[in-house]
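Two complexes follow with chain A in common, the first pairing it with chain B and the second with chain C.
What follows is the complex of A and B.
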């Protein structure tokens, strides 16, 4: 028997060139997949998840920025102290009040403006851009301008409001009016943004619904309440939820209006849960206590979004 | 459609509502053009002056703050575009073990408020001696869960057939990303640019925490100190306000269309 030579396969395989080897790796979903998420995984690990864990540990420690080596494990003491702190409840009540007043009000104004702007034939883009501008303007710039507008005697807004029966004071420096000032500031900043969101929602409503409504004899007002508002319900949920989260995070505005005074000035009238957190952490250098406050804010936000999920499931 | 009368009322409403927006912006621009003697008065354009702009520009640290804001904003913007877009392509289009976990980790970031991270990050920055430096102001902020999500949602809408055809033509996964996906995502990238730019340009709490030397201030922090120091001179502070706001409005007007599409897709489908 003569040995058979396998002619189907070349005896020596040519070594694949570097280029084609890279090309083969480049066709591998797994290789390219990991390669492309590698940067965010590394950055996230260092600058997000590691600090997250660290902060969680801090929240059970008595630890100061000034002397971090003297940290002591103290269990839930930070959390307990916060819950017992009257200033925390004041701050929380301010945040809650801002939420309850400013969020529905800005949603309602945004909706009314969007519905009308949607029907306007000319200058639509100009109005939309104008209303939207506050949202992209720096909060520090906006607060600065509003402080002058609401200044005692000289402020344009103060003048107009005195005429309506309000006292002639600098709103941002008045214990009673500083929080309403913050509400006005918030609504002014966000209303245009939510109006654009509503405008987007309005585009998704098919026109035939209104045709049918008209055939059934619904007038403009009835069309608004019976057709537009129910159709926009998912958008309204979005607007309310995002509004709540924005208001809960309010910080720059109270920081700016306190000027050189302590955060929450005047006399704590504009403290929010975030200014409470910030002054504990960075004015009093209490890293552990501040971390516990941060996790309480985190818990509030999670609770609110779970509430939203329940609502959305029930409503839709 | 609308009757004449209802069109009239809609316009009336729009114009009345506009007043609330024109007044604050108008006040800022007008006051920035007044001389010291004219503060609080209504004067003719002939008496307006650019003195304040010259003053703020050359007699304060504003030029340095501008430079810092531009460097920090561009650094964060470019980093975000690269990191977020790559991650989004991987999460939308490539199959591998652990993809679900990575996606969960990315999405999870959207739930956590920054307060939770700021204390340890402050400590890390201090330990690295990155206080008062561009490193401290840029490196922790090179990625953003929300923007990855936005990009991923966009990539998911690109038809699979395009990639299959490209693969038949011999393109591998990396070339598909550069030659097919990127050219198709100009709109989505525009949205990322505007979100990242406005977010960084206007950000306040991080730069005020991570910097305590006025030479390293960004514009927002600089304006805040300018306001505290010159509160009695609204012409000076309003000049600062205008100078801080103009760049963002220019960027916004350039990318406006993409931005609104972005809101529509993330807001309503997400």
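What follows is the complex of A and C.
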């Protein structure tokens, strides 16, 4: 059996001249594309990738910002010390607890508000702005106001909660209530943002689906549960995953709570994985140890992001 | 074709913009770097720029400016660049990174509470030779203040103010308490705190802060000993006394419990009747509660008479390329005129001993406090990893007071000794 020759293509391809190659490169949109992305790539190289690489190298060194010349290579010692440090596990457990409790709660509240706000005919913009405000308000200001609300004796929220059986204490100063206080503060801060995201999602659901549902006899609850919730699945994934990443990076609120005291106060009750890293790197000047902690946070967030990608691929 | 040329032009402009931004920031960086390193400023080669970094509020900023005002007349070859940070937190965040990047300032102003780590890590330059070189009269400064700046017989900073600890009592509440004698011992402090505690007011403010805890440690004959004596029995007794004010006697309140950032605010809001304090309470009360009257007392005795003696000082960084000029700036900044201005404008007690009477003329109620500092003043002597030690000490004490999970003072200090003790 003789092989068939492809007569459509010449056996010997003529080599394009240098001039024509350059001309093609110069005129191609690919080259222009590279030119456009070059500035940002260079800047990212300088401001992101180089520090990332340097930080990774620091994580294997005993290095202090105060005396960087005395840096010593210590292999995985920083990582081992972190894993053995009970404060790290406390901080990680707080971040995990915030993730498990605060993230679903804020998504649920945001969805409920968005669904109801979507039905509002008048002043919708005003309500949307009002709900969004906490997200763009200074964390320090919000935390200070919340501290007054949850203060012993005089705090309005404390007074209301004592009727429900809670103790009359300053929530942020109580080792058992400080973390729930941080959760409430976090939910309140982010719920408006996610409400706007859900609102955007709701507006993409065609009205015909609800009309068909009504024709089939679905009541309000059934429409919400059988139509709205499934149609919003991609948005919910986005909200949940972005919520997890936000909570894993939570820093401003515990920082504001600590005021002049040590981060994580009282007694480490509000420490998070980022406050742990920050204290080590910047308060105690342990650049190597802090870098190792930062890489552990980085690995956790990367793992969560990959998980998100996988779920989104499977579900959508 | 025209479209492609336009696109290319756009890309080129973007590149140039980026390069422009880069060059601007590099210029800025070089500028601050040269400032930090004290490079000569272009035109006049002989002029040396000395950078001085500090944190200050508005009135302190004016005082720092006054400290170097007119320097060019005395030292025409020196130009001072002031690098102000709004808070100590901002300062401590920025300075280590600047040092690591090789663009640290020449002079830094800080308290001797946190200087030991800097001394031990070789960040601060010893000043002894420089003092002789520029002819600074070291003896003008209150001698006890040098203790907090000396290590291995080398001096690492020149104090520009003096400060001490004291016991502050709300005069009106004291008069209502039924007790007539002001406390001289820690047992009497407890008695008075009990007598002044009411439904809305606690007898004493127990600020969970290294400064305040150290007052009790010192009163019971203890000392952190730069990490050598963290778990001494005297230290355990001092911290135990502090904890007992909350747990055993129920007479103390921590600032965090009322949402206050520091003890002075609890005191001026009259939510606590008494507090371990310092001369800064005088100025704070004038602003926060001018009608309130305060009794200032030397620190009461636990088992010994002791009181903190400390200061803010000016130090020269080891990395400075202009140490001699920096020392000349310090010499100028410590002149009598600047010290008197600090008394008037900021209410600082001076480091120059001959000017202390001027300060006490304005604040006669503090005389016994400063007399006691001269007699029994001692430095904080925190371990080398000062900030990490502070954080763990506070966390531990908070755990004992608020969490009550079985941690004892003795175990806490033993743990701290093994973690931060000098080996």
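Rule of thumb we're sticking to: the second predicted complex is superposed on the first by the 275 of 316 C-alpha atoms of A that agree within 3 Å, B and C clash if a C-alpha of one lies under 4 Å from a C-alpha of the other, contacts with A are read in each partner's own complex, and residues count from 1 in each chain.
Operating definition for what follows: contacts are C-beta pairs under 8 Å (C-beta built on N, C-alpha and C of every residue); 3 or more make two chains touch, one makes a residue touch a chain.
None of these values were measured; they are calculated from a predicted model.
Student: Chain B versus chain C on the shared chain A, clash or fit?
Tutor: Here the two partners, once superposed via chain A, clash with each other.
Student: Go through the superposed model and pick first if A:252 touches only chain B, second if only chain C, both, or neither.
Tutor: first
Student: Kindly classify A:36 by the partners it touches after superposition: chain B alone (first), chain C alone (second), both, or neither?
Tutor: both
Student: Touching A:298 in the superposition: chain B (first), chain C (second), both, neither?
Tutor: In the superposed model, A:298 contacts chain B only, not chain C.
Student: After the superposition on A, what does A:172 contact: first (chain B), second (chain C), both or neither?
Tutor: second
Student: Who touches more of chain A, chain B or chain C?
Tutor: The partner that reaches more residues of chain A in the superposed model: B.
Student: Looking at A:68, would you say it contacts chain B, chain C, both, or neither? Reply first, second, both or neither.
Tutor: A:68 sits against chain B and chain C alike.
Student: Where does A:282 make contact in the superposed view: on chain B (first), on chain C (second), on both, or on neither?
Tutor: both
Student: Let me test your reading of the model: by the given contact rule, A:274 touches which partner, first (chain B), second (chain C), both or neither?
Tutor: The answer is first: A:274 touches chain B but not chain C.
Student: After lining up the shared chain so the two structures overlap, which partner does A:145 touch, if you call chain B first and chain C second: first, second, both or neither?
Tutor: first
Student: I'd like to know which partner A:203 touches here: chain B for first, chain C for second, both or neither.
Tutor: It touches chain B, and chain C stays clear.
Student: Show me the chain A residues, by the header's touch rule, that chain B contacts in one structure and chain C contacts in the other.
Tutor: Overlap of chain B and chain C footprints on chain A: residues 27, 32, 35-36, 39-40, 43, 65, 68, 148, 259-260, 282, 287.
Student: Under the touch definition given earlier, write down the residues of chain A that touch chain C in their complex.
Tutor: 27, 32, 35-36, 38-40, 42-43, 46, 64-68, 70, 147-148, 151-152, 169-170, 172-175, 259-268, 279, 282-287
Student: Can you tell me which positions in chain C touch chain A when the two form their complex?
Tutor: 4, 7-8, 10-12, 14-15, 17-18, 22, 92-93, 96-97, 99-100, 117-118, 121-123, 208-209, 254, 256-259, 261-262, 385, 387-388, 390-391, 394-395, 398-399, 402-403
Student: In the complex, go through chain B and note every residue touching chain A.
Tutor: 1-2, 6-7, 10-11, 13-14, 17-18, 20-25, 27-28, 31, 40, 82-84, 86-87, 89-91, 94-97, 99, 102, 105-106, 109, 111-113, 115-124, 126, 139-143, 148, 167, 172-175, 177, 198, 201-202, 204-205, 208-209, 219-220, 223-224, 227-228, 231, 234, 237-238, 240-241, 244-245, 248-249, 252-253, 256, 260, 263-264, 267-268
Student: Taking the complex as given, what residues does chain A use to touch chain B?
Tutor: Going through chain A, the ones touching chain B are 23, 26-30, 32-37, 39-41, 43-44, 47-52, 54-55, 58, 65, 68, 112-113, 116-117, 119-121, 123, 127, 129-131, 133-134, 136-142, 144-146, 148-149, 154, 156, 188, 192, 196-197, 200-201, 203-204, 220, 234-235, 238, 249, 251-252, 255-256, 259-260, 274, 277-278, 281-282, 287, 290-291, 293-295, 297-298, 301-302, 305.
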